[in-house]
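Look at the two complexes coming up: subunit A is in both, with subunit B in one and subunit C in the other.
Our next item is the complex of A and B:
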């Protein structure tokens, strides 16, 4: 822009999060009925998602080496992770295959901001998407106090790093699958929602006792272990200390692979263009 | 606007430059038969469609360029190349001294794009919210936004529905709001891909008038595609005709008419129903004593034609007028579509 210096990227991202939050607030307050029912349904879904494992843990006084409170901690952790995804990557940013498949990536590409900035800021929905995050964080605080963990600055830092790393794994996993839509926009349009449903459905279960092949699969091809189980073990001090570093490392590796595939897909998009919208507007 | 990047093209005031640009798409081919369907699962067949075939084009700052051609000629592909949405297979695309794909984030902040079939408005929000969103995402300085918005609201008549939900707008209202969105950051070039499609006559006229005023006042460079030739002729001083992915004509409207066909209509009124016959004018309609002909004014001498008519019968009245530009273009399309089948999208090629 003429006569104006480029703002610092952090300031710019804060502004973009701000406008996304404002648009979200406008949406949830469109009418009172929508406001009440939306939040009611969100809360109900978050509780329902945890109920099976919670009831099992309560009935048998824990699951394997995990006490009931530790199970609640793990559930709370994974709920906070998925809640953070809904809060920060809503609006089909997490379900990127839908955007690619439906040709909506074009709308992002005509905006004057780097794609990674758009991905990190465009889906921020703190009002409509934060129900699970708030419930997860509340349960985390409650279970932490019941377990009697020494909450030090270092532990809080580890918690925040682990949460961010788990979110990065979920995002990278979704983009890995979602990139398929660059090559098959119609066939892979819903692949992200399927991969995310799988992570959501399996995240409440502790993976202790699984054989090495199955466990390896749960940490690579379907990285469910990084959404709750492994970081919770690290935070609860269960097992060797390297576990605490495993999730950030996995986030880095998944991020590199996802970024590589996504960029390759973007080049294909530049070659073929949006395949679902033709120039005269019909969807294929 | 950001300071223009130093380059040879910007120094010459050329804001758009396409050099030898080619773009080919593949279309899957198969019939409805089961055997063909199964074969295609293993060995899919494709046909190559050459959307752009070595296109060279330059646009200078402040020009309004009509970019026309029959369906599938490559118009939208060109607009997408210039909007950072597509990369060329070969050749170079430069605009405002930048590569639209490589410099995307910086470049799109200085252009405006409007696709007639798409909307940039937030569907479940009032129009005003979309404008505010754009202000932040495009990082438009507040003072400039506050200066531009009232003018755009007034000129495009947005006030009546500025606080209405985008999903509840009529097509005409939606297009006006979208045009306002495309202009609120004061772009240097405006790309319009069929911006008036589906609009009624009044909405169309208002939109064209607004673009014309903006061009006259601010020197905005505009490139627009449309199938409505009258509309293009009203707005643009230069027409680029695309056919089969190639530029078939690039010049002004007078030259276009002269080069291709200065088609005229002649209407004669005679006391009887028998129409005079001419070797160099074609009778297209006859109704009682009223006979209408078309002829090429570049090759036919009008006084001689009238003298010949007077020799054959008594003439009560004479009218002559230029053929509408749509008719001229239709004739040109017919010629172009079938004159170079080797470069046509109709030529099959398998991959």
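Our next item is the complex of A and C:
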């Protein structure tokens, strides 16, 4: 509109997060039964995902070099990471292959905002999606006090950077796989759910006992180690100090590769468009 | 011959024989279609099998770490626990017993299923067996072959244990299918999204069935309480029979009791819910 300047991008993103939060609140209040079941199921699932490793640690007084409280810390960390993904990248923003495969990326591309802004703001659901995040953060605080870590400003900064980096690795990994849907919309539509299941199913286990080949694979091809195990080791001061820097570095590398592949896919999408819709609107 | 000569007997037996063989052919074709739908759609499904390989490798490594200081725990040696873990993964699909009922309700194809010349139970069961065949060929058999490389003995405790395990697996699948139909009926009854009920069930089953941790190794005596639940009857019981832990006849009796008890409930719930089914999408 003439005479009206574009708001600062940060302000704009805050507004978009606000709109998404409001719509989420409307959904919660519109159907309380669905919300209770959804929220309860998510919370129960995050507890159950931790329970296997937690019960093992309780039964055997820890797992290898990890004490029970340290195991709780690692589990809480990875739960907070996956919970943050559910809170900020819901509605198939994390499962981007579904949107690409179903031709729904068009719905985002026609909107007057950059794609990256849409990705960062559209999936925000702080009310319905925050069950795992709250449990993770609560357990993180509890286990930190139990272990007796000296909580300094530096340590909190490292925790926040590590959490953000782990989230970035998960997002990049999902977009790396999800980009396949640009070339194979139908065949790869569900690839993100498989890649995300890989991360969430394997994240509760400490990787200490694995051989070098398998461990290397779990830090590169399937970066499960960056979701909980390695950053937790860094934050707990287990092993060499370079471990603290490994997750942010991995986030940077995965981000660059995912961004390159995703842009390549977008160019392909620009040439071919969506092949999934028939002229009368139905999906093939 | 009670007044029936041979041609009469043939006339009576042949129609029955033909009907049975037509039925079996129908099951086979349905299973084959389900199998090709999995393998033919895209190779992405192989990722799920990769997750299973990685999960079993991780679990085996965790057991080796925790049992290094406890050679025998809950009456089980490290070797038995490793065998238990591997066999649990080999039969993961049978233990989970997911037949896609919720998806069918969600995408609306349940409506067209009523028009097919086969009952819902027969359709879903045949399709599930077909999908299992793919899982067996691409995951379970390779995993079984890789057992020596993983340092795991994949054989049952004895020949008798192996035979009883086969019987136990039949009961296990029967319990799993009954639970699946009960969950599906609950989904219709409460008009819930399939994800909520699926995830709740997964969360409960992972904890109480003994699929990941043998119930005997749970702390605080939890296992003794869980072993009487249907989830444990479907998963823990056959695995215990396989490794020779526990009285097999008692375990089979508990499984049979659940199978007999759950199916009437499942069928009644489906009948009671039939009119509530609504098909959207498609």
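The rule is simple: the second predicted complex is superposed on the first by the 284 of 284 C-alpha atoms of A that agree within 3 Å, B and C clash if a C-alpha of one lies under 4 Å from a C-alpha of the other, contacts with A are read in each partner's own complex, and residues count from 1 in each chain.
The criterion applied here is as follows: a residue touches a chain if its C-beta (ideal position, glycine included) is under 8 Å from a C-beta of that chain, and two chains touch if they have at least 3 such contacts.
Since this is a predicted model, take the numbers as computed values, not measurements.
Participant: Identify the partner contact of A:111: answer first if only subunit B is touched, second if only subunit C is, both if each is, neither if none is.
Facilitator: A:111 contacts subunit B only, not subunit C.
Participant: With both complexes superposed on chain A, which partner does A:32 reach: first (subunit B), second (subunit C), both or neither?
Facilitator: The answer is neither, since A:32 touches no partner chain.
Participant: If we overlay the two complexes on their shared chain A, which of subunit B and subunit C does A:150 touch? Say first, second, both or neither.
Facilitator: In the superposed model, A:150 contacts neither subunit B nor subunit C.
Participant: With the two complexes superposed on chain A, say which partner A:15 touches: subunit B (first), subunit C (second), both, or neither.
Facilitator: first
Participant: With both complexes superposed on chain A, which partner does A:206 reach: first (subunit B), second (subunit C), both or neither?
Facilitator: A:206 contacts subunit C only, not subunit B.
Participant: Quick check for you: in the superposed arrangement, does A:214 touch first (subunit B), second (subunit C), both or neither?
Facilitator: So A:214 only meets subunit C here.
Participant: Of subunit B and subunit C, which one contacts the greater number of residues in subunit A?
Facilitator: C
Participant: Let me test your reading of the model: by the given contact rule, A:271 touches which partner, first (subunit B), second (subunit C), both or neither?
Facilitator: first
Participant: Subunit A touches which residues of subunit C in the complex?
Facilitator: For this pair, the touching residues of subunit C are 41-45, 47-48, 50-51, 54-55, 57-59, 61-62, 64-70, 73, 190, 192-193, 195-197, 199-200, 202-204, 206-207, 212-213, 217-220, 222.
Participant: Which of the residues in subunit A end up touching subunit B in this complex?
Facilitator: My answer: residues 1-2, 4, 7, 12, 15-16, 18-19, 22-23, 26-27, 30, 106-107, 109-114, 267, 270-274, 277, 279-281.
Participant: Of all residues in subunit A, which touch subunit C in the complex?
Facilitator: 33-34, 37-38, 40-42, 44-45, 47-49, 51-53, 55-56, 58-60, 63-64, 180, 184, 186-188, 190-191, 194-195, 197-198, 201-202, 205-210, 214, 218, 222, 224
Participant: Report the residues of subunit B in contact with subunit A in the complex, numbered from low to high.
Facilitator: Checking each residue of subunit B against subunit A gives 1-3, 25, 71, 75-77, 80, 83-87, 89, 101, 104-109, 113, 117-118, 120, 122, 124-126, 129, 132-133, 136-141, 144, 193.
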